[in-house]
Amino acid sequence: MKHDFEPKIVAFVCTWCTYAGADLAGTSRMQYPANVRVLKFPCTGRIDPVFILKAFQKGADGVLVSGCHPGDCHYMAGNFHARRRFAAFRKLLEFVGVDLARLEFSWVSAAEGGKWVEVVTDLTERIRTMGPLAEFKELETEEHWSGRLETAELKEAYNNI
Amino acid sequence: MNNTAQKHDATPLVAESYYAAVTDALRTEAARLLSEGVVTAVIGYKEGRRHGTAGPAIVVDPARANELIFSAACVNNLALYLTKAKKGVAGTGKIAIVAKGCDLRALAGLMAESQIRREDLHIIGVACAGVFGSGADRREPLSAGNLAGKCRECSVGAPEGADIVIGTLPPLPELSPVEAEELARLEAMTPAERWAFWKENFARCIRCFACRQVCPFCYCEQCLCDRNRPQAVETTPRPAGNMAWHIVRAMHLAGRCAGCAECERACPMDIPLNLLNRKMARELKELYGHEAGLTPVEKGPLVIYREDDDQSFIK
Amino acid sequence: MSRIGVFICHCGENISRTVDVERVAQVTARLPGVAIALDYKYMCSDPGQNLLKKAVAEHKLDGVVVAACSPRMHEKTFRNAARAAGLNPFLCEMANIREHCSWVHEDREEATAKAIDIVKFTVSRVKKDRALAPITVPITKRALVIGGGIAGIQAALDIADAGHQVVLVEREPSIGGHMAQLSETFPTLDCSQCIMTPKMVDVANHPNIKLYTWSEIEEVSGYIGNFQVTVRRKARSVDEDKCTGCGVCMAKCPQKKIDNAFDRNLGTRPAIYVPFPQAVPNTPVIDRDNCTRFKTGKCGVCEKVCGPGAIDYGQQDQLIVEPVGAIVVASGFDLYNIGPKPADSPYEGYGEFGYGAIPDVIDGLTFERLASASGPTGGKILRPSDGKEPKQVVFIQCVGSRAREKGISYCSKICCMYTAKHTMLYKHKIHDGQAYVFFMDARTPGKNYDEFWRRAVEEEEAVYIRGMVSRLYQKGDKVVVMGSDVLVGVQVEIEADLVVLATAVQARTGADLLAQKLGISYDRYNFYSEAHAKLKPVECATAGIYLAGACQGPKDIPDTVSQASAAAAKVMTLFAKDQLEREPIVARVNERNCAGCLACKKVCPYGAVEEKEIRDRNGNLIKTVAYVNPGVCGGCGTCQATCPSKSVELDGYTDEQIMAMIEAL
Amino acid sequence: MSPNRKFALSYSYYPGCSLHASAKEYDVSTKGVFNALRIGLKEVPDWFCCGATPAHNVDELLSLALCAKNLSLAGKVEGDLAVACAACFSRLKTTQHRLKENDIKRKQVETAIDGPVPLGKKVKHLLEILAKDFGLDKLEGAVQKPLTGLKIACYYGCLLTRPPEVPELDDCEAPTIMENVIKAVGGEPVAWSHRLECCGANFTLSRPGVILKLSNEILASAKDAGADCIMVACPLCHGNLDIRQEEIEQATGRRYGMPVFYITQLVGLACGVSPLRLGLESMIVSPAALLREKNLL
């Protein structure tokens, strides 16, 4: 089945739970859209908000962050710290105008191959209907200072360049 | 953001004599501290070259304590001068610092982050009715019309927990919270409208990094955004890099920002930076009950967790 | 320019069926920095690995990407192959194009494109990989055991028998713990003292065990293999080397009316005392709070009567530093108190049971002392208020346990069994007495446990009433028990002579403080947390520290002893090596850039981050920075995500490696 | 502005049906004591039955709406809401508690009463007002005739403290607030077992046999503990212990002769309120002999 728009989805996952859950989906031969690219981290605690930003800037249309369920963290508390960090970060992104439907967080354990498939499929389909993430792509293409020249002084200075 | 509707309200908030009295007491205290050898330096404010302005001053000689002043023009957050970014002052013995309530919050934050130690400081608190906003006519007394936006919602007029607090404020009128209203206005927008708002604002950014230089919490020895291996944030003042810089800045200050709004004051392009900081402060209060306070809190909201933290946003 | 080798595996047909492996090889061969890209039927087979090794040598590769199955499957295999070829194993990465690609997608076109992407970003990562050397940590082959109850005793004996030195620290004057207070033990009803005291004596006599009683842990520093433990030896006021344990001092002490805590305050003891006759060591201690000599300066009888001259009123607390390589925590439990809630306690007491003010309402451990042949009543069951033999005894289970409204939702595990035991002991001693038990559920999993419980009900005639008790109150010399029988559906009222409460097992008061000294984590009830509930039940997440017994959660004696031996086995496994080798995926601090905000220290789940002072040549402090102890770091990387200036980096997952991948997407 | 602003403390007041009927003396003595202690009380205009105790057994929405409407009426009068009857107190507090935690219920109730429910209005039992707001120290200071030598069984009944999350009055299973009040006015509280047992009020009309058993146990326990009298803070308990006392004596053959006071009657006596303004004459078991013996009349 071909679609007009194939979004680029980046998944940041922890190696112990979600990566293993995705492996399980594989060994169980489950099927899901091929749009997702999985980057492996030791722990969701290692995932820096900057990475999410970078992924959007580099053309991702949707980002998934996924790790161990609370209490299952291989490092005990990494996912707890991540949970707070991302709770704050998504509020910030929302405030600057990023549609949070493009950023998904999930807990997927090593036993939840089915959940992995569900999360990835849902996200891909949602982004497909939303279309490309135009905002960041536009920014990338803008090379010049695009502020408005509001004052006469500024206008004059600009024209003299 | 002082809109014109409030400009006509020019009733002075405090009498001129209040500042004269505080200045006197400040000079006496500074002279005493220096001459008795309690401290090696006093960080405070002195008269600026233009009328009605003031700037930071570091006094080491008791004889020059009479240069110190306090007025509504004392906008700077002096906590900055105790950070690693300004290594010169710190580490020369016990230092006295003049602190308004908002500055004391920054000091408390720096203590919690092991940047300064309470025992190395002598904090001279000053009860503050607010400082001038940008564009205020300095010939006029401080009034609701020319007050800085952050001061309209200030809850720490008297800096409790200082070694000494100079001045007692008269009852101040309750003012409409213009910053909170602006925040509410933005929050009511659609994401696309907000994006447009910030895109335009950030597009003006010339990456002078005044916001970073003036922030007491930007004391990193090397800013992440100056690094090039890897380059996390594009360094040229291009819209994409600007957006990234301001998001990273707000994120790094989340749960730490003391709300002094110096970033916004220092910004030559009038980008409403404090809105981002306020937004994050509000969210962290709602999510985790954290609020920047006058006493150091060992672990800020983003370096601690509770097992039952909200996770309604996680699938 | 890098020289990366890319090896694409067909995995028989597992990959090549949906992924056009030849195309992946063609495309990736043209990537900048790729020296060679090959595809092969089975990369993990011997010929496949040889292909890799040969290519490393022939093409002087400085990085390898194996695009095949999940790294969880074969990363070790290929890293070993890389090592054999002379390449640092951490310069070899896997691109997962099987589990994450060929097996989950059907469209050959899409799957091939995805596989190319995966290989591409993995190549970008490898270019930023750094050679890492395994970390070795020397091991001090001495163990510390904290707590001298049955758990600590068992662990100490096992480790000592294996030939290693053990330091055993006990807070009380004697080892023995709770087990020494018990009368008989379920499910065999053998006398607790009879099976316990020989083990206590073994500890005292073991050449490899250094025993510190009347001592507490003051400070713990260091990490696996290299802990420094400061032990506070509280002043005993008796010289242990001189004392012969003759007991004359105790017999002659004029102050004899002090409540004996070992007997749950049912009996008394002198001011110079051993908690119980079989104490190990048999050296008394002076209770300075109650000794006339210490209170008023007058007396000194013990000093006068002591033949060997062992009494030393001037003794001071001593701090001793012991270097050890591993720690077994066996600090035991406390019992829930039904008294009113202290301000700092999360547990509500039982107002409906009179908050402990009714004298003939006692807890299970007090009943043990009443039933014990060496107890204050010589094994006669007599009630505390008037010393009469109780003819009707009501036992109430789940007091505090499984009572969320009182603050505890867990099951204390041992009460069903010991209450059944109590009804039997009671019946054996008072034949015409009647025992009633109020219970929620009888939980008796364990070898011969259910049989034991059935015996109590069926043969020993304990009346089990399923239901809860709503109130206890004194009426004359009886305690009225108001409860419900939910099976019959009626209210029950029993006028009892004695009520025994099976109070909850809770963490030791101060367990959190000890945990903070040790740097181990604990749950909301202050029970210590194991590293993994199923697969690492005796290890702490902090390397080199192990758990035994009820400090980790309620446990009976067999479980406690098993866990103690397991902890000992873990210590012996550690001590079997001279050096500890571990994966070098640890965080490192860039000291030049670190501003010392110590946010990393605050988030580190392992307590691996320390403060380090940077000084100039003259010893002046330049700044304080963070330092990550590689022996302790678990490698989660939370510190790096938290650090604003990224002055701490996790080897193997550096920002450069990750950004390279994102940029290559 | 409250008409009672001359007082430092001032409350809106919900007497409840009993206090205008069978428990008139509770109402009279409450007003007497509050007047003597200079605490303002303004009765909520137009109040009606809270629905206790039958409504909540039959129809939850009805029981919540009845109280909600009364709360909304009380909202129009300044000051926290003072409630004398333990059952009214319990129902009003329960309503606030239930509606706070359940938005759906709250909306239903708001539709039913056609307006918002003042969930923030503080509902306080008289005991709380005397012991906490007014304060035990001040109460002690107001005593003119201490109840010296009067042995009092303080009877809480089942509703005053339960369930703990609703009334938030005192320790649910081992309260001391009544005893503290009695000690403050010089009386002697006795330790007894049935302080918190139920008197059976729900069955007072339908199954009087239950009352006889339960109330008898309470009387017997108080008597055995050496009490001269019982003190209550609930008109329903009072009805069972006082009005039915003779019936209980006839059924059990044990004679109690135990006067049952309202808390306000005893506090009033101690604080010098005229006995004529305490409604002592309406008590079925006459306290006259006891009070004379203790020199309190």
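Of note:
A, B, C and D are the chain letters, set down in written order, and residue numbers restart from 1 in every chain.
Assume a contact is a pair of C-beta atoms (placed from the backbone, for glycine too) under 8 Å apart; a residue touches a chain by one contact, two chains touch by 3 or more.
The structure displayed is predicted, hence computed values, not measured ones.
Chain closest to the overall centre, judged by the mean of its C-alpha atoms against the mean of all protein C-alpha atoms: C. Set against one another, A-C and B-C show the most C-beta pairs in contact at A-C. Ranked by distance of CA centroids from chain D, the top chain is A. Computed centre separation for the pair chain A/chain C is 38 angstrom, with centres defined by C-alpha atoms.
Separating the centre of chain B from that of chain C, both taken as means of CA atoms, is a distance of 46 Å. Centre-to-centre spacing of chain A and chain D amounts to 61 Å, using the average Cα coordinate of each chain.
Computed centre separation for the pair chain B/chain D is 55 angstrom, with centres defined by C-alpha atoms. The multi-chain contact residues of chain A, meaning those touching 2 or more other chains, are 49, 54, 77, 81, 85. For chain C, the set of residues touching two or more other chains reads 603, 642, 655, 659.
For chain D, the set of residues touching two or more other chains is empty.
Going by the touch rule set out above, the chain pairs that meet are A-B, A-C, B-C, C-D. Chain B contributes residues 84, 91, 113-115, 219-224, 227, 229-232, 252, 298-300, 302-304, 307 to its touches with chain C in the complex.
The part of chain C that touches chain D in the complex is made up of residues 340, 350-352, 354-355, 471, 473-475, 480. Here chain C touches chain B in the complex through residues 524, 592-599, 602-603, 621, 623-624, 642, 644-647, 655-656, 659-660, going by the rule given at the top.
Only residues 8, 10, 15, 19-20, 22-23, 25-27, 29-32, 34, 37-43, 45-49, 51, 54-55, 58-60, 73-78, 81-82, 85, 117 of chain A touch chain C when the two sit together in their complex. By the touch criterion stated above, chain D contacts chain C in their complex at residues 171-174, 193-194, 196, 221, 224.
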